[in-house]
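As structure tokens, the structure follows; a few thoughts come after it.
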């Protein structure tokens, strides 16, 4: 199918003596409706306009889509009737790149997938490799992994909080959440060397041990974290406008959630107490004590509140990790050149957005044969097609913000 | 000559360019006045409307431009401080020259209109919006004697004129050939129209109490102690008016017309350059007008919160001081400068003496300004009135800016529901209760 | 390693399995043919003994000889992940029935498998490209994918010299594609 009929695009036959004129004529007036005839049932259903409906293009550049996402909305006045998300603007071919890289190098490729929660993108890959290699990770490394990833979870959730408010019009909470994030980013920079794309987990352990600067920043922050977070939340949780806009909006009930393969806080806000740290424990989560915040309503407010409660649970976990940190090596002894046995492995972790997973097929060489990355934002973005119709445009943005998609993960 | 010019410093170059030009202009002006002075004055005397127009335009610009500049800067700086960040701090001390720079930037941008836009309407829309705002400055009483026209239907005129902005917004939304602008324009038209009614109804109770629609008279009625202010007699009316005024001015939480997380910039998406500058400007002058209106109607206008016996005459007769005056003028300023410079010189050991003197000079100037201002404050009632009016207005402007920094925005259907289901009945209730109370009191 | 699960799967789906059930660490893997996918998945979803209500992942794999579609499922009744491998899809015309009737959330995952491999999911109402531009000609994650010719046929190619791809005219598909012994 690669060498199928060599279809020459008609544009190539245009002579190119004055490039600007040629380009203008070629581009024409932009139409969000695709120029080709619709090829699938759904496409023809969407691209047929009813009476009084219009298309509006929330294009790849927009002040409020969470990255480069294009959504073609079919509107009836201000009400959204249907929508068609168009992806691929941030597609970087990570899976193909991983096939040509060593096992160690793939970790750096996995980071920028969901750049906000990059440790969670590395973790399933690393776990899958460890399964293929039958490597046992030392306990200290496991505790450090849990510690750093819980910090990453707080990073991600505070950004969610700020972003949610920004999409509703409040300018202040996002800047306050960036103050939170900055402190944690500095902490993690002291530990991993990086503020955003950490590249910290390694096959068999972590990259560097806890150092004095990290621990002092962490201790300092932990002593005021709860109070600071409460302050930041006071602006939003008791704000009548904020609550009224989010309550009852975009209700995702249990059956729909399972049908749409939703995981993570979105699922827990719909009444299902499914958390892979408890349901399918990995790492040292069997030894840690934490609750799983669940709410029943399934609306935007519930999703928001579940994430806020998760921040508090993360603080508990970090506390326990610090108190119970064992001594020992931080990385298992592994050869430089890794050649796992041929086989397949699947690993999943519970990240701030849902289930991050990796399915690795190895063929015995030093490069993965197939590295499949499963990413929660990709799956959750399908739900906007189910949740948005019937609401107004303003609500549409709120619904999308509450599902917390990160386009890096959606587009891989 | 060219060589010696090029050897000057920048300051010297500026001076030596501007100075001759100024000289030439002054000379030319003198020549014109000498030669054709009388015919010009005669012409102007017969066409006094020309003079009035120029004076009025100057007054309007003087009132609106600085206030808009100040509000723009205030918004950026105050919201920044609420967001725990610094805000503008490069242009001028604490970034205070920011608005000037913004104004220049807006003037220098490329002024284009998008393909497919209705050029005429596209150009006229900002003018319509701006006009609506400027016309409402006509009746606002800044101080006793400082107002445009004292119409006895001043309030009615004001509401009528502020409704003209709807036309401008609709023109902008439609003519931009952009669905986002269309949505924004329609939203804003719906919003402004539905909040006009609670706005006007909430004030009718006040009109019953005041007996007149003239804003000047309403201000004078609130003289004396602050308990005379109408806010204590019409608290519900004041609250409704404040909320409706926020919606009229398209401010958060009712700023869906320019909600930039949903419909990029609403009706102003396709505007750039001076056209956008007009919209921007009109919005901020509108904020000032609305604050001024709240202050005039409910918070005493240009009255101080306490009764002040204007004017207080300082019985200083400069002539009687004689030679002592000369000595005072020659000796007191240097002494004051030295006195003000001394603490800085003594306190900071690394400060050169001339820098301390400069600081002393600046402080001395400030002191003189404050003294003159204070003397004007107590001598003329219009200076004091202007001070109180502007002070109270800017307190309300600060409240508007504060709300923008804190609150998220409401949804269009929540907004309309609120106007029609809550504010309208509340303002009617207010009206009935006021009318009933008046009937009972008069009986 | 859930032996009870292995027994239950063997008893229920013994006829449809084309390879022995493999278990390693916390994964159980069954291999079925492409045509059996809807029945097996419906049984796994609906029957209370299995109860695999959560679709964790849907992936396409190109093993060099055949194509596979790999489903990962989760259930409350077992501690293992269940991997269902629909094996034996031909590389020229891979077709699998879609499972969007069970999980609507699989729609985009199937679109991605189509986009990357060319696997046609019959029954998916919206089988079009998701990452690549709509008139892209090849399927990137296949093992015989090579780059130069495809960009030239996409709308991304401009009209100016610098915006077009000038691939060598004798560019040919890779003669030896990577195969997996897994």
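As written, the chain order gives the labels A, B and C, with residue 1 at the start of each chain.
Here is the rule we use: a residue touches a chain if its C-beta (ideal position, glycine included) is under 8 Å from a C-beta of that chain, and two chains touch if they have at least 3 such contacts.
The structure displayed is predicted, hence computed values, not measured ones.
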Checklist entry - Mapping chain-to-chain touches, which pattern fits: line, ring, star, complete or other? => result line
Next on the checklist: Quick check for you: compute each chain's CA centroid and the global CA centroid, then name the chain with the smallest gap between them.
Outcome noted: A
Checklist outcome for this item: Averaging C-alpha coordinates per chain, one finds the centres of chain A and chain C separated by a number of Å equal to 22
Checklist outcome for this item: In whole angstrom, the CA-centroid distance of chain B from chain C equals 65
Next on the checklist: Based only on mean CA positions, could you tell me how far chain A sits from chain B in angstrom?
Outcome noted: 47
Next on the checklist: Can you list every residue of chain B that touches 2 or more other chains, as numbers and ranges?
Outcome noted: none
Item to check | List of chain A residues in touch with chain C within their complex | outcome: 1-4, 6-9, 11-12, 14, 16, 19, 22-23, 26, 34, 36, 39-43, 87-88, 91, 93, 95-96, 131, 258-263, 274, 279-280, 342-346, 348, 355, 357, 359, 361-364, 369-370, 372, 374, 378-379, 381-383, 386, 411-412
Checklist entry - Of all residues in chain A, which touch chain B in the complex? => result 29, 54, 56, 62-64, 78, 165-172, 175-176, 179, 235, 239, 241-242, 244-245, 392-395, 397
Item to check | chain B - residues contacting chain A, complex | outcome: 79, 82-85, 115-116, 179-180, 183, 187, 252-253, 255-256, 259-264, 404-414
Next on the checklist: Under the definition above, what is the set of chain C residues touching chain A in their complex?
Outcome noted: 24-27, 29, 53-57, 59, 61-63, 70, 72, 74, 76, 79, 81, 83, 92, 102-109, 112, 116, 118, 125-135, 137-142, 144-146, 149-150, 152-155, 157-161, 164, 173, 178-182
